[in-house]
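The data blocks that follow each hold one structure.
One chain, chain A, appears in both complexes that follow, with chain B as partner in the first and chain C in the second.
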Partner chain A sequence: MSGLRGGRPDYGGGIGAFLCAGAVAAVLLGVVLLFALLFMRGAAAFWPRPLTEWRLADGTVRLAEELDERPDGSIRARIGNREFYGLDFLIAGPEEVAARSRPADAVRIERTENGPFFGYLDQAGAETWRLRLPDGRPVELPAAQVLRVSYPNRLGWFGRVGAWFAGVGRFIVEEPRNANQEGGVWPALVGTSLLVILMSLLVVPFGVLAAVYLNEYARDTWFVRLVRVAVNNLAGVPSIVYGVFGLGFLIYGVGGAIDRAFFAADLPRPTFGAGGVLWAAVTMALLTVPVVVVATEEGLRAVPRERREAALALGATRWEMLRHVILPGARPGILTGAILAVSRAAGEVAPLMLTGVVGFARELPIDGDFPYLHLQERFMHLGFHIYAVGFQAPNVEAAEPLVYATAALLLALVLALNLTAIRLRARVRKRLEGR
Partner chain B sequence: MNSASASPASSLGGIAADAASRRPRLAAGDAPVIRVRDLDFFYGSTQALWGVELDIRRGEVLALIGPSGCGKSTFLRTLNRMNDTIPGTRAEGHVLLDEVDVNSPDVDVVELRRRVGMVFQRPNPFPMSIYDNVAFGPRLHGRARRAELDELVERCLKGAALWDEVHDRLKASALALSGGQQQRLCIARALANEPEVLLLDEPASALDPNSTAKIEDLIFELRGRYTIVIVTHNMQQAARVSDRTAFFLKGRLVESGPTEEMFTNPTRLETEQYITGRFG
Partner chain C sequence: MTSSPSFRRRRAADRAVAALVRFGGVGVVLAVLFIAFYLVREALPLAAAPKLEESGRRLPAVAAPVAVGVEDFTEALWELHRDGRLVLRDVADGAELDAAAPLALGPGETVVEARLSPDQATLAVATSSGRLAALPLAFAVDYDDDLERSHRLEETTPRWLIEEGDGPLAAFSVLAEDATVWGAAVRGDGALELVRGRIKVNRLTGAERLSRKVLRLAEPGPITDLALLEGGAVLAGFADGGLAAWRADRPFNKLEECGRTPAGAAVRQIQPLIGAGSALVARADGAVERWMMVAPETGRPILDEAAEMSEAVPGLRLLAPSTRQRVFFALADRELRIGHATAAEYLAAVRLPAGVERVLPSPREDHLLLIGADWVEVRGLELGYPGVTARTLFARIQYEGSPAPAWTWQSTGGSDAYEPKISLVPLILGTFKGTLWALLPSIPLAVLGALFTARFLRGRAREIVKPAVELLAGIPSVILGFVGALYLAPAMQDRMLAVFLLPFVLVLLTVVLAVGWARLPLPSRRRLHEGWAPFLLMAVYAAVGAALLRAGPGLEQALLGAPFREWAPAALGLPFEQRNAAVVGLAMGFAVTPLIFTLAEDAFRNVPETLAEASLALGATPWQTSVRVIFPPALPGVVAAVMLGLGRAVGETMIVLMATGNTSITRLNIFQGFRALSANLAVELPEAPHGESLYRTLFLSALLLFAFTFLVNTAAETIRVRGRKEL
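Here is the complex of A and B:
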């Protein structure tokens, strides 16, 4: 009996529990950092910053939106007025700035060209606006170029919050300007949504029917097992490979054939024989069909055998049993598949680059012109927009805040889609369980 | 229950005699609705039934008893071909429903299962409303018009002694009911197909004593209007509810006869040993 006494001190945990908990903590930290970085940087892009007048040691005067302080004490600031200074940003050490002040009437003018104007407004004429640069030089600006005027140094705290919300709103509903460096992401948001909706319409019916065949009709032969293994492994194929397939088969093959058959008059200008939202959606559907099949099969298997027997014993045919009892019971599984497919499709970029996404589309694929939905049109996408803004814009530094903002928006969109679907699934489950 | 009394066999016989005295006599006489002749049944290469011969008379309650694995459930499921749903099974011999062999290839299984309804061991309502559960069969077979459906659902729920408990929440989910209520709902659902024969596969074994008593009362009510075949592990239940009893052992029908006789005076030694609790 002596062995029972004197328990080991690490019974409740010890090194194993410490390692496991540490791993969880590390993962959590990573996720929290990711979200925090994206949302804070994204949100900061719209926070109205004051304009500080810098009198520099060499006698020049600048109005500066101070962005961040570096370890050596120097400050990076946006100085606007690109057509006069040739650059957007200035980094000045503390010894270079002789004096700093915040003139209340400093104005920030967003305009269609050359980025923002920082200075003073003398007269807003009907055709030309008379302005002064920070050093007092008078300049003129065609009124047509003016988008928005603000006096950031006059804003109180509430004014700033209001301006922030207005900025976020404009970011969402406006079109991009100035080679994507300014303005909003509305076309990319529309393109992403349209792509996801089209893809879901394609992938859910096909995936569900395929899963029903595999799980309900097919006998358990080596061939069926092979198909199942193939479907599962499709999920592991690199996504760019799907893009190649979409380009080679869908666009050049199917699209080319459609053009020759129905749009011969327009050739050699392609109609469906070029990248477009339809082919991108089909490619994405192919990419996501494995998850729908697998999740639906799980859902089908979760329907209790007794329930199947009850339907058959009431004289239901196999199809009636499927239609009225099994498929309704498998709805949570089907929804799970749809959630996973939508999340994947909303975030995947590589295959789109080969099948029709563009950095700037002149027209939306959906508009008020008959037939309203233009499936052959190229489109913009939030995921690709991040890349296009961050790495292809003429002035990458100026566009950087928008990269974070776009990334945060994409993340928010995927999260919102997921939450909606999860709540929907919870409701279906609750109804199925009769609570 | 006085299971502690001296001779279980005689107390079962007492129960059976008591039950029989309270039951009205069946009018239809001896006309069998189902005749089983020389029935063998196989799961793959394993034989589960050996040469079963049995008549099931119209309107009676027939109890199938026997130890686990004796083939009584398998036999029950051959009567409406539910075994078809298990791959690799095969029946040989004849199951004649009104002189038609249910295993012959031209038989409409859907119609067979409508005429021979079934209730399972575990309550298995569909995840839909109480009303829709009962209306499931009639809707499938297009047997009731919309206007008649309400009346049919009410009649079946009353027939299954459930109406009083659920009449004010027909649109509520069937899964919100208690286990006993769910099982009576399953009986109502089977009744809605207007079957001739009702197969009950241990319908009360997953229920508490109170719900079990309600199911037994219900069987008593349904007797005469429907032919009922019930599989049960519970000797007292067989003695209480059935007109006749058939005893299965190792895939063979050992004997069958009026319940009162089976429990007071079995002709075969195995039957006596089983009902007195010597094995099983």
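Here is the complex of A and C:
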């Protein structure tokens, strides 16, 4: 297989081969750094950081969640209490901070408004909580605003690990709050799953149908060859173009027609004539048809000719051969296609932007109200969440940790799917080669 | 053949499935191909020419009016008569609906001429005694119980800009802006006057008062027509064909000349366009030019010719502007041309009946009035998408207020009077700019890496590299865009120099290592490397790269004397933005490299091993074998891989959307961002009104993307298949 099989220890050319090795090294380094960046920052978003009391040179006192040190030695820290300071973050050089300490009773309160509160807790009343700012000024907070209280400086190592897991858990099952800058991604997770399920229901049967036609039923004419080239090429058509088609044909065309026929009373307010999870799923299905077709065809080809001939020789009809011999044999290929399609749909954002994704949806497209599944509703999506929060949040700096966390979550999902698909495909290919 | 019931059932099932599969399979394939057809279908109406009905309703005018027009629905016709009466009539039967006399003319005074503003909201009225008024036109609609419309005149008061007449005006123009009404006229004594009327509203009584200021130029020359442009600039044409423009100076003390042109064909008419940002000048020889005031970077605005219509109209008599766009109607002897001022060309020509003296579009541009001496004919008009032509899409155009022709994409503005700028050139250029900077690092990395992986990596090392690259290929582009914009962009802006030096430093380092390696004694070489060199190099690269990037800001200070982002604009004349093409190139490189890598690796692996074995047996080194024996037959496959990478980069949306500033510029400067076709679609299409010009233009750009990637992919596939056949 390899040019080195003769046992030659040397590349034989020195510099050229080394440069090629360098290219591999650079690509690998890119992979490692990218994954490390996303997973470390994503994980760090939930790591409880201690609160450090900063006595600044100008006499003010702040409790700071120290985030990172800059090349010039200054430290960027979150100082909370936005309604009192006007800003969430502070960058202070070493000469500006006169003294640093870690008071054990420093409290971090997550609240529904104004981001976290850093200070000291005097009394947790039923109506109002009496608190002190880091410099000792007393303030009050309505009890209804309080979500969670923690004393990060009292946490031991185990406590922190526990807090980290709890944080990850809340991130997954909670709703976002404060313009998506805090809270969790549950609605986005639900939206992504619903989109992917709807899409799979559409793309897998039809993709398999198309692949079976191309591979089993169609004769090898110029038309079929042309169609195969076309299907292959459609995999390379930009995803945004599918979005354009989804908006123009599905939403304005089909959706508009449905509205005129069945929801005329609601017009001009559109029901199906606006973006929604159904249209997004259909668009995604179109986008992923080539993926499923190509993978299924590979799976179909992996079924040995002898098995087909044996089936036919035993008197099976074509359909019986297909059902009992070919499709079971092609199952890994079909599965690979389905997984790759799901992974593509989970990560693709551009066509969704035209077909119904929103940064914040008041309601889930699936809930307890009849008819339970609201296919015309707009929905949230993990990938779009990254774009929406990272670029449209009022305070991007404050939202950044959660964007990294969302990206890490999405990446983990997609990687898991892709790894499974790669394994499965390796199995199909081995069978193809072993034939 | 037995024909038992069970066999028949089985045969029926078999046939049914065969039919279903054929139908479904062909259906799915056609459905996907339908996308291309649909894009064409949506974009095609852009090419249609404006259409005017062959014939229309003709109704006689009661007495030859000075001015005629219709209200929004083209259901009522208004007429301004010589005696100052305004009459509203039903278009269907000519019955009088309403009448008023808002002008309150003096005894014996008549209306001599009236000119309608392009938006048809103001009528400039000149009287026999030489007085000039701006008469606002407004119509009210009442709905009865059956939702039937009826029309009436809304009460208006004229704003007299010249109150004391001294004989008929030779030329005049009126321009209503927010709280200012401008008037310009050549008075009976030959002097040019500019009047600025400020509308002051008494807060208590609500009463309106016009406070006027007048500037006078005693001997301007023989002016044949004039028009007021934005901000009260006066554009006048002379009998000898020359043009001149004046503006009031800052404290409004005198008229300053801002441009004068040499003589030419006599000026017949000067017609401002909607928004008064530019005016059309019609000449005696049928030529039509577009003129505007252009503000240079310093100093006063000056008169500038933006464009001349592509052809002259023989027998040109009169121009009429449309109410919402830069379309105009040029009336010639028995012929009507429909032209577009931005495109600077005529889009349609229509034969007209005899006796048409004037034409006027309805306010909604869905009808055209043909006005004769004592009749008015209403014809249906379909303008289509006149603002979208090959010229407006691809040619350099001097838009209103810009000093020079340029390719600009700025599709929507604040008001109806905004001139859409829909050049696709900056978007196409932006797309290729992003692609260029993405492919530049990706191609060598991916191709060389693939060669090494295919030829030199074995066993475990291979099992690490290949899946790692495939996983990289699966990363959602929104994540790459986010990393590019929020991590790479701020990090790179402080150490741009180091980023650019890094590849050279690493290449140099590799060469040094390679040379050093060759000097090692053979046994230690043998022990050290089993194709694991990439992993050793990785560690070296990480260490050196980290050191270089850490030193980056200091390096810039030491070498350039300033941070690079300040040095580049000053020393190289290249503006610097944080989210620039270098960031996109790097972020998109993560998406493109694994794609090229995987496909190129396949190409290298597809070369039969027998070739390599023959070469090695003849004494060639593995490296010589790779370069001279394996590479040439694999080249078609590698080219195909690069082309597919190109296709991917061209269509990539999220990375480009997030990691650039999305400003549409036509510079290839790597330190600035750009706006790509794909990102433009994502940003603008959701907001574009369904079915209108912008919507269809965006579909056209989607079609361009589709066609380009489809062609590139087909070419790549063809090259790949050919190359494989040759093996």
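Please note the rule applied: the second predicted complex is superposed on the first by the 393 of 435 C-alpha atoms of A that agree within 3 Å, B and C clash if a C-alpha of one lies under 4 Å from a C-alpha of the other, contacts with A are read in each partner's own complex, and residues count from 1 in each chain.
Basically, a residue touches a chain if its C-beta (ideal position, glycine included) is under 8 Å from a C-beta of that chain, and two chains touch if they have at least 3 such contacts.
All values derive from a computational prediction rather than experimental measurement.
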- Item | Between chain B and chain C, more extensive residue contact with chain A | C
- Task: Quick one: classify A:317 as touching chain B (first), chain C (second), both or neither.
- Result: both
- Go through the superposed model and pick first if A:420 touches only chain B, second if only chain C, both, or neither. neither
- Taking the superposition as given, does A:328 touch the first partner, chain B, the second, chain C, both, or neither? first
- Message: Under the stated touch criterion, which partner chain does A:101 make contact with: chain B (first), chain C (second), both, or neither?
- Response: neither
- Message: For A:112, using the defined touch cut-off, is the partner it touches chain B, chain C, both, or neither? Pick first, second, both or neither.
- Response: neither
- Message: Quick check on the superposed pair: does A:309 touch chain B, chain C, both, or neither? Answer first, second, both or neither.
- Response: first
- If you stack the two complexes on chain A, which partner ends up touching A:60: first (chain B), second (chain C), both, or neither? neither
- Name the residues of chain A shared by its contacts with chain B and its contacts with chain C. 317, 320
- So, in the complex, the side of chain A touching chain C is made of residues 1-4, 6, 8-32, 34, 37-38, 71, 206-207, 209-214, 216-218, 227, 229-234, 236-245, 247-249, 252, 286, 289-290, 317-320, 322, 343, 346-350, 353-354, 383-384, 386-387, 390-391, 396, 400, 403, 407, 410-411, 414-415, 418-419, 422
- Query: Which chain A residues qualify as touching chain B in the complex?
  - Reply: 219, 304, 306-317, 320, 324-325, 328-329, 431-435
- As the complex stands, chain C meets chain A at residues 10-11, 13-14, 17-18, 20-22, 24-26, 28-29, 31-33, 35, 38-39, 42, 444-449, 451-453, 455-458, 465, 467-472, 474-479, 481-483, 485-487, 506-507, 510-511, 513-515, 517-518, 522, 525-526, 529, 531, 533-535, 537-538, 541-542, 545, 550, 553, 589-590, 593-594, 597, 609, 612, 616, 620-627, 630, 644, 647-648, 650-654, 657-658, 678, 681-682, 685-686, 690-691, 698-699, 702, 705-706, 709-710, 712-714, 717
- Message: Please output the residues of chain B touching chain A within their complex, sorted ascending.
- Response: 80, 82, 85, 87, 109-114, 117-118, 120, 122, 124-128, 136-137, 140-141, 172-176, 186, 189-190, 193
